[in-house]
Amino acid sequence: METSVDKVLKPAPLKNGAGFNSQKTPETVSTNKRLKRSHRQIRAENIFRRTIMIVAVATVVLVTGIMVTLAYQSRLSIQSAGLGFLWGKVWDPVRDIFGVYPFLLGTLLTSFLALIISVPFSFAVALFLGEYFPKGWMPDLLKNTVELIAAVPSVIYGFWGLAVLVPIVRTFESAIGVDAIGQGIFSSSLILAIMIIPYAASLGRSMIQMVPSNLKEAAYSLGATRWEVIRMVILPYTKSGLFAGVMLSLGRALGETMAVTMVIGNTSLIPKNIFSPGNTMASVIANEFTEADHPVYLSALIELGLVLFVVTVVINMIGKRLIKGVTK
Amino acid sequence: MTQLEHELQSVKVELIGMWSLVESQLKKTRTAMVLFDRDLAREVSMKEKRVNAFELKIDRDCENIFALYCPVAIDLRFLLAVLKINTNLERIGDIADGISKYIIEALENFDEDLFAKTEVIKMFDDAISMLADTRISFEKDDTTLARSIFQRDEVLDDINYAAIDRISNAIAEDLTVMHDALYVLSIIRKLERVGDQTKNIAEEIIFFVEAKVLKHHQETQRKP
Amino acid sequence: MTQLEHELQSVKVELIGMWSLVESQLKKTRTAMVLFDRDLAREVSMKEKRVNAFELKIDRDCENIFALYCPVAIDLRFLLAVLKINTNLERIGDIADGISKYIIEALENFDEDLFAKTEVIKMFDDAISMLADTRISFEKDDTTLARSIFQRDEVLDDINYAAIDRISNAIAEDLTVMHDALYVLSIIRKLERVGDQTKNIAEEIIFFVEAKVLKHHQETQRKP
Amino acid sequence: MSVAIKYRIGKSTVFQALVMVLSFACVVPLIFILIYILQAGITKINWHFLTNLPKPVGETGGGIANALVGTSIIIATASVIAIPFGILCGIYLSENKNSKLAYWSRLCIDILQGVPSIVIGIVAYFWLVKPLNGFSALSGSVALAIMMLPIVVRSTEETLLLLPDSLREAAYALGMPFHRVILKVIVPCGISGILSGVMLSVARITGETAPLLFTAFGNPYLTTDITKPMQSLPLLIFNYATSPYNDWHDLAWGASCILLIWVLLLNIFTKLITRKWKVQL
Amino acid sequence: MESTIVKSVNYNAYFGDNHVVKDVNIEIPRNTTIAVMGPSGCGKTTFLRGINRMHELIPGATAKGQILLNGEDVMEMHPIFVRLKIGMVFQRPNPFPNLSIYDNVIAGYKLNGIKLPKAEKDTIVEHSLTRVALWNEVKDSLTKKGSFLSGGQQQRLCIARAVAMEPEVLLFDEPTSALDPISTSTVEELFHELKKNYTLIIVTHNMQQAARVSDRTAFFYMGELVEFDDTKTMFTNPKDIRTQNYITGRFS
Amino acid sequence: MESTIVKSVNYNAYFGDNHVVKDVNIEIPRNTTIAVMGPSGCGKTTFLRGINRMHELIPGATAKGQILLNGEDVMEMHPIFVRLKIGMVFQRPNPFPNLSIYDNVIAGYKLNGIKLPKAEKDTIVEHSLTRVALWNEVKDSLTKKGSFLSGGQQQRLCIARAVAMEPEVLLFDEPTSALDPISTSTVEELFHELKKNYTLIIVTHNMQQAARVSDRTAFFYMGELVEFDDTKTMFTNPKDIRTQNYITGRFS
């Protein structure tokens, strides 16, 4: 019986049920079919393996392609300005002066301001959902609502910011006595702050829920209060996860284009304070890419894209690494 | 039924088999003694090996069950009881063999009168029926029957106690029965042991069924 | 040392305690017999209760260890051996008690001549020394010593075998010693049992140390 | 001792209150946004709005039919490209956890996930728009497909990794070949996770604007030719919202409202379907 | 000295409407070791967690009746007090992974915000680790993280952590079910040490373990306390037929 | 009839450079039940998984030597065929959660793409479920998902699934360690049924289980096969001191 099993492996044509004819019980018949099929399946197996491997290779090719494209297309700008590109304080395409310092500053200001505003809220939501009320309709509602924040397209935030938030900020600015423009870094930060709450919140929530309940029980059994459990068990256990959430939020804020473009005011000047209008790297590209009428200008914009790419990728990778460290 | 229960059941069956064999040994010995049938006595002597084999087998089975099933509670008590009963039955087998040996050794037929005087046959009958009754009480987990054994053993004890006087009287009356009389005394002594062993067995039965250790103490409570 | 080892150790200590007690019972019985010291005999009879208590205690302890620790392999064999040795020791205690009872029952001092003729004292001494040696072999797991017991038991068997003739000769010589002689016969019969029990104990020791069942079979191999 | 304990308990209670207040504060802006947009947009939506093209400045009325059609086509094309690719890649990653290729592939997917959408727009511009000499819906779809890819891959991979190894072993032990183990056992068991990843990625790209700016570009007319520039909802919103005309703002509010409802529905639908199809392990 | 330390009077526990512990009355003498046995889901864990009021941490869980600790109803005390007096060790070893071995042992003090002088902390750590027979194994690596220890060592560390708070009663919920046989036997040996100074209540599925380590055994069945007796008696001569069926493996 | 069905000749298994099974030679007679015991990490699971070539599914795992099934080296056969002949049941019950009970039983056919007529499927399902003593319990709910069953029922379902393929050998890796005592005893009873028709090889940590269910026992220690003997002999009179120390709980 076994020899016929062996035969199947060899490419020799299969005799139908060789060796099985002696018995004709239902089991042997099915055994027969089983073996015939299996031969075909060994080939299908190999094809399948190869397909998914090719797909995996393709992803690598894709990303390499993206990087190569960016680098190649920004070669003109890199050659002409070099590193000074980053520190140049003036951006004047008409005069072919491409210094991105104002946008760098704008990007960092908006992102960090947004981060500072959003983090307490994110962590509060994370604790609320992860520790205090993990189950029930009200926490479910909160969870879905917060997830919704992430689902709303950024262009809608931008539109709403432009139509509703900017006038409010303008009133606020005139009240505290700065130039009442409305559009500017502060407005963008507010919008961004709302938009990035869910990232840190949902990651934080899952990290907090991952804290083994037996650790919390250990603390409770030693007579700890809830606050002490949070401070001494949950926070230490999740700190790198929470930080990773912050990094992901930051990455998101840095790369965010449309909402910022619509409310930041779009000027290439160095912002004087957080209420000034400005530009971020992304918003410059969005605004000027189709207007770039000569190669160096276009190349400069692409180099800006490259910088943005590198910064966001680095920030994101740090976040990812941290998450991996925690979940492992 | 769990595997353990199966095993216990088969041990029980085996023990009952041994029991029947021992009973038949005792009965044959009685017949051999009464009829002075040396061949029958020799048969008993031969079959003693089978009793021994039974004992070994049951001991070994118990050991395996201990090792493999880790019995507790009723099962443990049952096994411990089986171990003890096993030993006791083997002793009874031994005694039957011993008595048969006397019969084989003895030079001539025993004096019938001696039997009557010493009540040795009654003793034999009692011992055999006690053994049978304990077996029944074991088969049926019947502790009432087991308890009744204790009283019946006293009859044997009384006969045994009276034996020395009766035997010495018999010898004094007729010196020629001396050899016979000494044998009969030895037989009586042995039968008294059978009574004791049976009593022990009854105790073990009560021990495992009711989990009371009756042995040695509570002499008064014993009688229901 | 695991908890189980502790428990086994304490059972061993207890069993050795019982052993010493039984030995001293036997020695006292011998003295009582030789000196016809009825008080000493009564003391033995009284102390029989302590032997019984020991037996119960050890049985109970073994039962608990079985139930609580589920012993296997060497531990299991040790416990089974302890159970059997325990029973045997109790029997020996019983025998000492029985002999003492004869001494108490007997109307006058035993005839010293009888002792010499029947070698009963030698039998007693042998039995006592065999018991002590098995104890030592148990304490030290010394199977060589345990094996030597089997040969020594044969001496007792021989004396026992010769007993009927010797006793009947003695009675025939002097009718007045009849009562004494019957008692001595009973004592010899009992001492033969002691030899058997000791032999059983030695078998158990070999069983648990070497895991060989010597009982009943391999009669030839037994002798080293 | 007792005072100390009371103090500790008090601290605990205060912190809890703080957490609750902050949590619910998050919800406020979202509700404002939703209400505002629904208020502003829902009145604009009618049959005419859905079936007509936008009118030039000055004329009232007009609709967003071109954007609706365009968005549907662009998203459908992107999905066709990204979903099978993403799922197969996710399978590879989950089945070859430790291989070199998996490491690099995973790294690339991670990178891709962090790439700002605008940068992907740039890349698509150079890959398709320039060689084909003109903006096209196809280039927009490719850009969106690249955006979808990491979401689909990661959700597939994570779902499959969550399935216990015992499941795989059960299948292997029955003598099943690799592809059957995956397609008949592993994927069906993880279907709800994979689907939710797919649907979320669709929801996500529906609202993407930046990569379309220099690819699909926008088109005031209705077209179904994917090699031509094409209008899409987010593009329309962006263009009209930043215009100075109130009529166009109205169009943008209507479009925002539709986009929002579509995204909400997709999210809710995802929740339902994943709950329904969830395989109880 | 057999004074009662823990006593439950008509204790009932519920998960929502699910009545899982029913009218349990038990008196536990000081410095004895109690094993709690019973089939899965019979309420052993729930009863155990009721004793130090961990039960009520689960949402929807309620309880009725009294648990007396030294004659005082724990329901009337603040749970923090109760838990300081009644330590608990769980099924899976749960040392705090972010703390060193040293800090793990005094985690109870740290968590409770009690500042101790270094010398006193050292004493407590050494003493507690010695009690759980871990001192010699870890004394040179006190600053390492607790999660580097083997399973059995971790569990002993958790016991040390509970012991460091000097509780009167220690509760164990299947303390060795996540350990391999060798670690199990080290932890079991430890029980024999601990029983001299503490009252131990050990929930276990492992009948042999209950047999080996406990003085008395409680048998739960469907939320009821069916039998509570000497362990030896329980295993050789149980009174209730349900107990006997359970320990002899004759499940209905 | 004691013909050898599985035989290993100098079998060695490695995880990378880690040599975990060392020169194992064992002959397993047809229709006997083998228990494999040994301390944690001694290579029991690895050896078992070597038999039906599940070992090599783990990245970096290699093996040397022969495993003969009916005299034929399984290393030379395609793993798919080996696994059809040698079924396996795992530590945690793993029914396919997306399939009904019915489909779970014939999963080996269904998922391998073998089409059987309905009547034949019905026969196989009934037959297999009857073999594992599950038919009466589930015959009215064959269309329900397998994950609704209790742990013990799930495990029996997994056994039925393996049995449905009519293998010659069944491997079990700690089949009851995730089950409660009652389920454990149902599965153990099942072994007594199965041993009549199959060769069972059961890895278990539970010595009592090994004792109860097996005809022969293999004891592994540090990757070596130390002793392989009759179970009764093994538990009453083991030959190797390491075996004795292990089964009597005297760990080094």
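Note that the chains are named A, B, C, D, E and F in the order they appear, and that numbering of residues resets to 1 at the start of each chain.
Just so it is clear, a contact is a pair of C-beta atoms (placed from the backbone, for glycine too) under 8 Å apart; a residue touches a chain by one contact, two chains touch by 3 or more.
Not measured: the values here are computed from a predicted model.
Peer 1: Going by the contact rule set out at the top, which chains touch both chain C and chain E?
Peer 2: Chains that touch both chain C and chain E, as defined above, are B, F.
Peer 1: Kindly list the shared contact partners of chain B and chain C, in label order.
Peer 2: Under the touch definition, chain B and chain C have E, F as mutual neighbours.
Peer 1: Which two chains meet at the most C-beta pairs?
Peer 2: Highest contact count belongs to chains A-D.
Peer 1: Between chain B and chain D, what distance separates the C-alpha centroids? Give it in angstrom.
Peer 2: 91
Peer 1: From the C-alpha centre of chain E to that of chain F, how far is it in Å?
Peer 2: Between these chains, centre-to-centre, one finds 36 Å.
Peer 1: So how far apart, in whole Å, are chain D and chain E when each is placed at the average of its C-alpha atoms?
Peer 2: Distance between chain centres, rounded to whole Å: 51 Å.
Peer 1: Which chain B residues touch at least two other chains?
Peer 2: In chain B, residues 2, 4, 63, 67, 70-73, 76-77 touch at least two other chains, as defined above.
Peer 1: When you check chain D against every other chain, which residues touch at least two of them?
Peer 2: Those would be 8-9, 175, 177, 180.
Peer 1: Tell me, which residues of chain F touch at least two other chains?
Peer 2: 80-81, 84, 112-113, 185, 208, 211, 235-236, 249
Peer 1: Spell out all pairs of chains that touch, sorted by label.
Peer 2: Pairs satisfying the touch definition: A-D, A-E, A-F, B-C, B-E, B-F, C-E, C-F, D-E, D-F, E-F.
Peer 1: Show me the residue ranges of chain C that touch chain E in the complex, using the header's touch definition.
Peer 2: Residue positions touching the partner: 2-4, 63-64, 67-70.
Peer 1: Which residues of chain D touch chain A once you look at their complex with the stated criterion?
Peer 2: 8-9, 11-12, 15-16, 18-27, 29-33, 36-37, 40, 85, 88-89, 91-93, 95-96, 101-102, 104-105, 108-123, 125-127, 146, 149, 153, 175, 177-180, 182-183, 203-204, 206-210, 213-214, 234, 237-238, 241-242, 249, 252-253, 256, 259-260, 263-264, 267, 271
Peer 1: How about chain B: which of its residues touch chain E in the complex?
Peer 2: It is residues 2, 4-5, 70-77, 211 of chain B that touch chain E.
Peer 1: Which residues of chain C touch chain B once you look at their complex with the stated criterion?
Peer 2: Spelled out, the residues of chain C in touch with chain B are 49, 52-53, 55-56, 59-60, 62-63, 66-67, 70-73, 76-77, 80, 83-84, 87, 105, 164, 167-168, 171-172, 175, 178-179, 182-183, 185-186, 189, 213, 215-217.
Peer 1: Which residues of chain A touch chain D in their complex?
Peer 2: Against chain D, the touching part of chain A is residues 34, 38, 41-42, 44-45, 47-49, 51-53, 55-60, 62-66, 69-70, 73, 120-121, 124-125, 127-129, 132, 142, 144-149, 151-160, 162-164, 194, 197, 201, 225-228, 230, 251, 254-258, 262, 282, 285-286, 289-290, 301-302, 305, 308-309, 312-313, 315-317, 320.
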